[in-house]
Structure formats: C-alpha cells, structure tokens
Amino acid sequence: MEILIGKYNYWIYIGLMMIGFYAMVAKKNLVKKVVGMNIFQTAIILFFISTSYKKNATIPIIIKSQEVIEPIQYINPLPHVLMLTAIVVMVSTFGVALAVIVMLYKQYKTLEEDEIIEILKDKK
Amino acid sequence: MKIFAIIIVILTGAVLIYSTFDMPDWGNPNSPASVHVSPRYIEKTIEETATPNAVTSVLADYRGFDTLGETIVIFTAAIVCILLLRREDDKTH
Amino acid sequence: METIVSPKPLLAVLVSLVGALLIAITGERLRNLRETWTILASVTKFGIVASMLPEILNDKVIEYTLFKITSHLILHFKVDALGVFFATTASFLWIITSFYSIGYMRGLKEHAQTRYFAYFAIALSATVGVAFSANMFTAFVFYEIITISTFPLVAHKETKEAKRGARKYLTYLLGTSVAFQLTAIIITYNLTGKLDFSRDGVFETDVSYLTVTITFFLYIAGITKAAIMPLHSWLPAAMVAPTPVSALLHAVAVVKAGVFMVIRVVLYVFGIDLLKSFDLGTILATIASFTIIAASVIALRQDNLKLRLAYSTVSQLSYIVLGVALLTPSAVIGSIIHIVAHAFGKITLFFCAGSIYVSAHKTEVSQLDGIAKKMPWTMAAFTVGALNMIGVPLVGGFVSKWYLLLGALEKGSFEILSVLLLSSLLNAGYFLPIIYRAYFKKSPGHAYEIKENPFMAVTLTITALISIVIGFYPNFIASLAKEVLR
Amino acid sequence: MIRRTESLLVETVCRILIPLIQLFALYVIVHGHYSPGGGFQGGCILGASFILMVIAYDIRWMKHRFSEKKNTLMVALGVFIYSLIGFICIFLGAEYLNYGIFHRILPVDVAKARSLGILAVETGVGITVMAVMVSIFLNLTTYGKHEKGEV
Amino acid sequence: MGEHSSILVVVISLIASITNVFIALVRKSLCYPFFVFILGICFLLSMDILYTVINFGTVKYKLGGWMPPWGIEYVVDHLNAFVIAIVATISFVVAIYAKESIKKEIAKPRLPYFYSTYLLLVAGLIGIVITGDIFNLFVFLEIASLAGYALIAIGEKRSVLASFNYIIMGTIGACFYLLGVGYIYIITGSLNIADLTRLLPPLYESKVTLAALAFFVIGVAIKIALFPLHRWLPDSYTFAPSAVSAFASATVTKVGIYVLIRISYTLFEPRFLTEITPLSTILVWWATIAIFFGSTIALGQIDFKRTLSYILVAEVGYIVLGVSLGNKEGFIGAVLHILNDAVMIACLFMIAGGLFYRIGRRNLTDFTGLKKYMPITMTAFLVTSLSMIGVPPTAGFFSKWYLILGAIRAEQWISASALIFSSLVNAIIFFKLLEKVYFSKKEAIPKYNFRELPLSMLTPIVLMGLAVLVLGIYSGKIISTVIEFTVPKGF
C-alpha cells in the first residue's frame, strides 16, 4: 500500500506515457500521432521533475543572507535544467513534425495515414 | 494493428512498473539523485557564479554546453521549417 | 632443403598482369601489336617459371613475402616441386594456346578480342599465383581471381545461353568457394592458428574425428574447380566459351588449379598420416571413382564434341583426385604426372575440336564422317590425344595410368584397380567411334572447301607430339614428380 | 488563414498589451539570475507578442514592423552570440564556454564574470527562441507563403 | 589549437551552419564553397584528433572548465576518434559530390538552408560520438535526428511520408533513450559516463538498471534499424536526395552502433551483458535474424536504392553481431566493418545517385550496358560490389573474415552461416548487376543523355572505390594501430 502512496508520481507518469505511446503506435490520424508523441514526452518530463523533489524543500533560488547553505532545504536543480532542454527539444520535434504534416497535407489533401497509403497504392 | 499496439504498450508498461519497485520514494531527500552531484550546485552556486538561481547557473554555466546544444536544436527546427515550407518565389515543389 | 628468397614467383605472376594491361591499352586498332604483347608475356612467363626449375630440382625452395596484411593473413609465395611442376605446364601451354587463339579469333572474326586476350592473361597470372602460393589465404585469393577473371571469357559470346552458362559457372565456383572453402579455411585457422601449407599437415594429432571430417569435406566441396561429382555440372556449362578458353582454362588452368588445390589440401593441410589415421582417403577415393565411371558413361551419350570432351575431362580430373586419395607414394606420383599428361592430351583434343569448328563449322560428333581426308593433321593429332586419354602405351597417358595402377596395387584395393581398367575401356568406348567415323565413314559432299587453319594445325601438332614425347621419355617428369614426395 | 480581424476592440487591446508583454519578456530574460526565468521563458513570451500581432492584425502589418529578413537574421544571431562567447573564451586561453576567463578583460572577479557570461548567453538564447517561434508560426500557418494562407 | 581540436570539430560545423544563414542573406552563391571549406576543416581536425589519440592516448576536455561529473566532459579514446574520422571523411567526400546532384533535386532558393541542415547533421553526429555525458549525447542525438528528418523530407514526393514515419519511430527511440538516462540518473545521481562506470557495478542487481539497459538498447535499436525496427529505413533512404542517402546511410546507423557499443561496454562492464543479463546472447540472435531477413528481402527489390537499404539492414546486423559475440575477433571485425561498410555503402549510394542524375531512374534494369557510357563509374562499382561480396583482397573480405572467425570462436554456427548466406545473396545481387553492366547492350535511347558523370560527382566515387582497395590492403595496419585498442577489457 505504501508503495502505491510513496511512489504515486511514478504511477501517474507511467499512465500518461502509456496513453501517449498507444496514440503514437495505434492512431491512424497523423496529428493524433504527433499529439501522442507530445504526451509521451510530457510524461518523461513529469518523471524527471518528480525525481527532483525533496520533502518540505523550496525552489533552488538560494537566499543570499543565510551563511550556511543546506542542500536539504532546496530541491534538486539538475532535473529542472535537463527538462528545460528536453522541453525545447520536444517543441522543436513538434515543430518539425507539424511542418512535415503540412507538406503531407499539401500532397495528399488528407491527414489519415491509411487514406494516404490508398492513394499511393492507386499511383502504382 | 490495434491489438499489436496494445500488446507493445502493455509490455512497456510492465517493464516500467516492474522497475519502479526499486526506485526511491517520492520526495525522499536521501535519494541518490539528491546526494551525489546536485548538492554542489546548491552550495557553490553563489560563490562560484554569483547567481542565486541555481537552475540558471547550472543551465547556462555548469552544463552550458547542453544549453548551447538545445539552442542549436531549436535553431535547427527553424531552419528545417524554412527549408521544408518557405516558398518566396520558387515555383518548384 | 634450403630456401632462397627471390622475387621470381612474384614476377612470374606479375608479367602476365602487365601483359593484360598493355593489351587493354593497345586495343583493337593495333591488333598485331596486341598479339605481340600476348606472345611476349607468355614467353617471358614461361622463361621465368622455367628458370626456377634447376633450383627446385636440386632440392631448394624459393620464397617471397609480398605483403603482410594482418598477422596471419599474408600474401606469401613459396615455390616447391609441386608448384613449379604445375606452373611450368600451364605457362608452357599458354604460349601454344596464344598462337592457337590468334588463329581461332581471327578465323572466326570474333568481337571483343581485346577483352578476351586481356582476361586470358589475368587468368593465367592467377593460375600461376595458385601454383606458387604458400598459404591457404594466398591460394584462396588467386582462386577467386581465376573465377572472376574467367567469367568474361565464358560469357564471351554475350548470347543468352552464353550468359546462362556463365551464370551457372559463377554460381558454382564462387558460391561454393565462399560458402564452403572460406568456412573451412577459417575453421582451420581457428583450430590450428596457422594457414601455411606444411609438408606434414598443420593439424595436431589430437583433433577430433568429427571436426577433421567436416573440415575436410568442406574443403572438397569448396574446391569445385576439381569438378568432383555432384558439383561438376559447371564444366559442361562452361563449354559455351570459345574453344581456346575451353582448351587452356577448362582442360588445364582452371580445373587443374582445382585439383592442385585438392592435392595441396590433402598433402599439405591435413597430411597423409592424419588422413590415413582417420581413413578419410577411402571415402574421397570412392567419390572420385564414382565420378570417373559416371562421367565416362555420360560422355558416351554426348553427341556434341565439346560436351563429350568436357565430360571426359570430368572423369580424367577424378583420376588425379583418386590418385591423391589413395595416399600411397606411386599413386600420388601417378596423379601428379597425370596433371601434365592429361593437360597435353586434352588440350590437343580441344584444339582439334576448335579447328574443326573453324574450318568445317561442325560441332557434333555425328557430322564428322570422313573429315580426316579434309583435315589430316587435325585428325592425326586427335587420334594421338584420344590414345593418350585411353592410356595406350608410348603415349603420355599411359605413364600416369601405370603409376596409378601401381598405387592401387600398393593399396591392395581390387575395386580401384577395376575402376581404372573399366574407365579405360569406357574412354576407348567414347573416343574410338569418333576416329572411326573420321577415317572410315565416307563424307557427304560439302558445298564449301574445308582447309585447315595453319596457326591451329601447327599448334595442335606440337601438343600432340609433346604428349608422345612424354610417352617415350617419362623419366624426366617422373623424377620431378618424385621430387614432390621427397 | 490569417486574415485581418478588422475588429476595433481586439486591435486596440493588442496595441496596449503588446508593449507590456514585450517589456515583461525582457524582464524575465534579464532577471533570470534572481528569480525563475531566463532565456527560453523570456524568448517565448517575446515571440508570443509578435504572434499576437499577427493574430490581431495580419502578417503584412507585422512584417512591416519586423521584416522576415530581420527575423531570419535573429534566428541565427542568438545562437551565433552564444557560440561566439564560447570562442572568445578559447581565444582568452580557457576552455570553451569557460566564462570565468572574462575577469581578464572585465574589471570583475571570476564569479561575477561567470554571472555576466550567463547573462550574455541567456540574451542570445532569448533572441533565438523569439525569432524561431515567429518563424515556425508563420511558416506553419501560411504553408510557407507568408501572406493570406491558402493551401 | 591542438588541445581544443576535440571541441572545435563540433563547434566549427555548428557555427558554420549559422554563418551559412548570414551568407545566404548576402550572397547565395558563396554558400557552397564555404560549406565544403568548413567540412574540409572538420576533416583535418578529425585527423588531428585521431593522430593525437594514437600517439598520446585518450584526450579529455572539460567544457566550461568544470570538473566532471559537475560539468560536461569530452572523452576521446580510440573508438571515438575512429568513428569521428569516418563521419568527418564521409561528410567531406559526399559534400563534394552533393554540388551537382543536389542542384537537380532541390529548388535553388533552398540550397543554403540545405547546406546548413547538412552541417547540423554532421555536427550532431560528431557531437554524439565525442561526448562523455549521456544527457549531452541525447541533445546531440536530437540535433542529428531533426536535421536527418528534414534532409530526408526534401527528397522525392514519397519521401515526406517516409520522413514522417522516421520522425515517429525516431522520437520513440530518442524518448526511450531519455527514459534510460532518467533511470540511470535516479539511482546514481550522475550523468557522466566515466563517473557512472564507477557507480553502477554495485547496482547491477537493481531492477532499475535492468530497465534502463532495456530502454537504452531498444532506443538505439530503433535508431540503427535493427531488423524488426527497420521499417523507417528503406523508404527514407530510397526517396531521400542522393547525396543525403549516401551520407546518412553511411554514418547515421554507424553512429547509432557506436552508442550501442559505448552503453554496453563502457557504461556497463562486459560481464553485465554476458553473465548478469542474457543481453549479449539476445543480441547475437537478434542480429542473426536481422542478417537473414535483410538479405532475403534485398533479393526481391527492383529499385537499386531500396536494395541497398535492405543490404544496409543486413550489414547493421553484421556489426551488431560482431559487437555482441563477446570475443576479440568478433569485436575487431565489427569495428573494422563500421569503416568498410561506411565506405562501401556511401560509394554505392553515390553511384545510384549518379545514375539518377543522368537518366532520372535507378532501377536494377537501368544498369544495362552502362559500361559503354560510364566506364569509370562502373569500374568503381565493380570494385565496390566485389568488396560487398567479400572477395579478397578488397576491404569487405577482411571484416567478414574477422566476423566469421569470431562467430566460429563463439561457436555460433548459425550466425556464421548467416554471414555466409548474406555474402552469397550479395554475390547474386551484384553479379546480376555486373552482368547487365558489362555483358548486355543497351539500345540507345536518345531522350536520356548517357554520359560519364561530371567531375565533381565522379571524383568522390572514384575516391571511395580506391579506398575500398587501399583499406583492404592496409586493414592489418588499421587494426594494429587503432582497432586493437578499442577492444573492451574482459575480452
């Protein structure tokens, strides 16, 4: 039981990730795929961020005045940094994916994968 | 296809859940991540970089190269969008 | 057994490569110059090879390391009696064949003659390379070069069946060599840590029976050029090639390179003792004798002259394999002599076939009635060659057969003895009818005048004479062959 | 798709809002040392202000204030600043991106030099992110022809 | 510059891709010379790094002057230096090739951005290889991937869909990798590879480590297109612009395999793969299957570039097999094959591009009678195909030799037969082509202009063709100077 409570952050991110992953693999609509991709990455970000938390600690902006700094008092800044990077990466991937989708739409006038495949079959 | 996807997803989920049991609890201040590398950032950020915001100092200084990399990534995204989509006058494509 | 280090073997290999280069550069326009290059190259090659004979005869070994690619993969030449024996035969016959093929190609006004002569030269240099190679790796390299450089020669006509034949040729030779021979070589290296040919095998005595057997038969299956059944059918398929090619390559260079490799593997990789102890020779001997008989029987039923010759080649090659497989001294000597004897006999026969094709445009046995009156020299030579194959005394073939029989007796195996005798009868069975037709059947009238091509007539007479000479004075060759076992 | 709304209300509100947004964006960038914030966050807000321009008015209106050429220039400029600073460090004889070395050329101690380096870098990041946001937005929404976007 | 060359090789190409945009705003015609010039410099720098590593051992570079594990560190040993040299060289050669071929395939105004993206791809790949920090590796992985997606998407019509599938697959791969990083981080708190090598062994029993390893392997396997996960590769490399498919096919998968090697033998110890987890056995079988299927499918193709793509899938199988065999010979063979395969595949794709450049098609049947029209190109083709088949003394033979030797040492008879099988398949494919090239005449079609390629496309092809021969002769030297030292301890 205390596993469920003590690690609930993990359960949440696993759930999110599964949703996103399923959307990526199973959905036929290209935009839905990409949205799934975003959910997937968001889940990972959630995972990282949740690892940085320490019970009753504050954000890592050190108060100048105090003379002795206790790492216990401040949450771990590293995951935040990594995730800033990951977010940007995610945004960029999203942008590129959308650009490609736009090109696809220009070519095939549809965003359904199977319809596109149909069109290609007819071409052959 | 759908069933195949579901199987993959469930498999991955199983691995994730299985591995979770060995992970430190949420907010545990003694988890390895909190004690190995990160304390230095918190303790030394002011005296080494004169920047109270540890996130900023780590972002732009301790791991500055990552940030350069990520700036490059977003730069890439822009270049890619221009390369793929922009059509000023060329009638081709 | 002291060793001399000299680049002679390398030169022997290179000279014809250079020749090929010059031929390619000269091209069709200056055909006489081009032919000169061929002749020049062949003569020089023979000169170099022959110049090594004396040293070898008084029991020396010539070595030359060309290139150390890795610690164990070394391009390394080593000339011993067996190698020089084979190389001399091949390079000498190349001289004759070059004259012959000039006549042939010009007589038929063939296309792409430059390519033909160039690849011919390359094939020869690779053959000598096989003869002189000191380890499995070098041998394998040259073995593959032979395969690839003869491919254009087989496909020379560029017709559909030529391509089909060439494809079959390549599939058999390259496929088996990559699949089986390479594997066998790697296994050998993995077990023994060395690839060099050594006088009494590279294997330790403590290797398991299974491994040795598997490796041995991987080798045998990998060296398809020896045309042991059931992997023989590339040879008839290769008969689409121009006759000089069939003559030199598919009677001497290529196939002999195959049996040469077999001899190398048997004597220098596994060693007589090991094979004796595991009694692998007998199995090989059985396969060989089967090939001899079966091929002869098939040959009986061929009407196309070249095909009949091809099947006879298959059976004759297995003589050599059989001799080695018997693992008794005189049998080995017999097979080594047979390399030469068969070479001269068979090349004569092919020359005849070619000359008949050029002058009379006849390819089938059944069309040869009374041809002897029109082409006396050719048919005379043909007779000599046939007798050689059959193994009639005073012709080269007899000498080798004699030694083989001795070997069979030494082994004390009656079956082998009977196989040899039976096969001789079969040889007679498929050669004598041709001669009979040629001399005693009266020919149907011909619209056109048949006259022999001088180039060809001369060359084939020479080879025929030589095979008689061998028959009269076998001692020289026999002594050389004995060198090998010493 | 991006047509001018012609709605007075929206346009006026945006007229008032956009400068404030941009001001706030600059604040976020420069105040990253002492409070949550930094190049990315500020850059995004700044970019958002331009996107708001496009939405409220239309592309031509926005472009005439902030031409595409400038935009592309800025996309590259930000990264260029960042990497150039790294190079300056090399020329000053330190490792790449080692801002501490600036104390040689600036009248400050190592820690402050690093702080300044961070500021410069963040600025570069901010510029790039802003420009990239705008550029990606324009290209995506108008299929690459920067005008009334039809497919 | 000496001690900085390890960072410069990455940063220069980054800066160049930025500067290229500036130049494009001023004068577009200057972009190409600048582009080639920069790649030339990268090539020289990579050679300098290789030289330094060979003579003075591992190079370390602390970015920002921070001690690892707090800062990011570059660690260059023989393996990185080798792979960097390969990537830089291929990129340079293909850049020369790209000038003409890309003009036909991409609209003129896009060219400067194409060059920028290409430079970004190069920078990303080198950044992946050179870094000593697993998260930094992820960042550069993304740079390379994004550039790759775009470069593929600007190909022929079909390439856009291919690129989209690549994006989806690639992102899954990258995300799995990132997840692996997160798992490693949460139980160790460090991101620096050297530091992790020290921290991980006590944690080998932990479930998290296992999961992390699994995610790493799956993620990388997607990136290198190991058989069942190869679906993105054939379409992408078939429809991408010729220059792109030449460069990407030669380097991207190889870099992925480098990451696999790093993770399995530097991040973890060999014993973790062989004894604690059954991973090496799994990989051996996986790779064997990949070889079998890749070769078999390659037989059935009609488009030459597609054939090459499937052959590439098989070749990836070779390398993974060699890596995971767990003995010295296999590993040497694998690393040697990284080099040889890069050269051969690049050469073949460039030839395919040349054909496409001349006649606008590249089916196997289009090779008919080309020896008359493109003699030099076809000679290079001949040499390379022999090497693909593994005929000595071309380069392909020696890597194959070591791989088979390793497989037999490890008594993986099926893997050994898989290797032989696939070289036979290559023999069939390429000899069919060579026969078309050399022994059948083409009825001259006026509307195509069969001519020898322009010099700027011919030179790279010939260079690669020569390289195949030279590398073959000197492979022993390469092994003894570089590859010997890449073999992980415990072998």
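First chain written, first letter: the chains are A, B, C, D and E, and each begins at residue 1.
Following the convention adopted for this analysis, contacts are C-beta pairs under 8 Å (C-beta built on N, C-alpha and C of every residue); 3 or more make two chains touch, one makes a residue touch a chain.
These numbers were taken from a predicted model, which means no experiment stands behind them.
Asker: Which chain lies the greatest distance away from subunit E when centres are computed from Cα atoms alone?
Answerer: Greatest centre separation from subunit E goes to chain C.
Asker: Return the distance between the CA-based centres of subunit B and subunit D, expressed in whole Å.
Answerer: 21
Asker: Using the average of all C-alpha atoms in each chain as its centre, how far is it in Å between subunit A and subunit D?
Answerer: Taking the mean C-alpha position of each chain, the two centres sit 24 Å apart.
Asker: Distance-wise, how many Å sit between the C-alpha centres of subunit C and subunit D, to the nearest whole number?
Answerer: From the centre of subunit C to the centre of subunit D is 80 Å.
Asker: Nearest whole angstrom, what separates the Cα centre of subunit A from the Cα centre of subunit C?
Answerer: Their C-alpha centroids are separated by 71 Å.
Asker: Could you check subunit E for residues that touch two or more other chains and list them?
Answerer: In subunit E, 14, 18, 21, 63-64, 135, 139, 142, 146, 149-150, 153, 185-186 touch at least two other chains.
Asker: Can you tell me which residues of subunit B touch two or more of the remaining chains?
Answerer: 16, 21, 23-24, 31, 33-35, 37-38, 41, 46, 52-53, 55, 59, 61, 63-82, 84-86, 88
Asker: Provide the list of subunit D residues touching at least two other chains, using ranges where the numbers run on.
Answerer: Touching at least two other chains: 34-36, 38, 72, 75-76, 79, 83, 86, 96-97, 99, 129, 136, 139-140, 143-144.
Asker: Provide the full list of chain pairs in touch.
Answerer: Once each pair is checked, the touching ones are A-B, A-D, A-E, B-D, B-E, C-E, D-E.
Asker: Per the contact definition, I'd like the list of subunit A residues that touch subunit B in the complex.
Answerer: 3, 6-11, 14, 17-18, 21-22, 25-26, 50-55, 57, 60-64, 69, 71-72, 74, 76-82, 84-85, 88-89, 91-93, 95-96, 99-100, 102-103
Asker: Across the complex, what residues on subunit D touch subunit E?
Answerer: Residue positions touching the partner: 69, 72-73, 75-76, 79-80, 83-84, 86-87, 90, 94-100.
Asker: Taking the touch rule as given, give the residues of subunit B at its contact with subunit D in the complex, in rising order.
Answerer: Residues in contact with subunit D: 46-53, 55-57, 59-61, 64-65, 67-68, 71-72, 74-75, 77-79, 81-82, 84-88.
Asker: Along subunit E, where are the residues that touch subunit A in the complex?
Answerer: Interface residues on subunit E, with respect to subunit A: 135, 138-139, 142, 145-146, 149-150, 153, 157-158, 160-161, 163-164, 167-168, 171-172, 175, 178-179, 182, 185-186.
Asker: In the complex, go through subunit E and note every residue touching subunit D.
Answerer: Answer in residue numbers: 4, 7, 11, 14-15, 18-19, 21-22, 25, 61-65.
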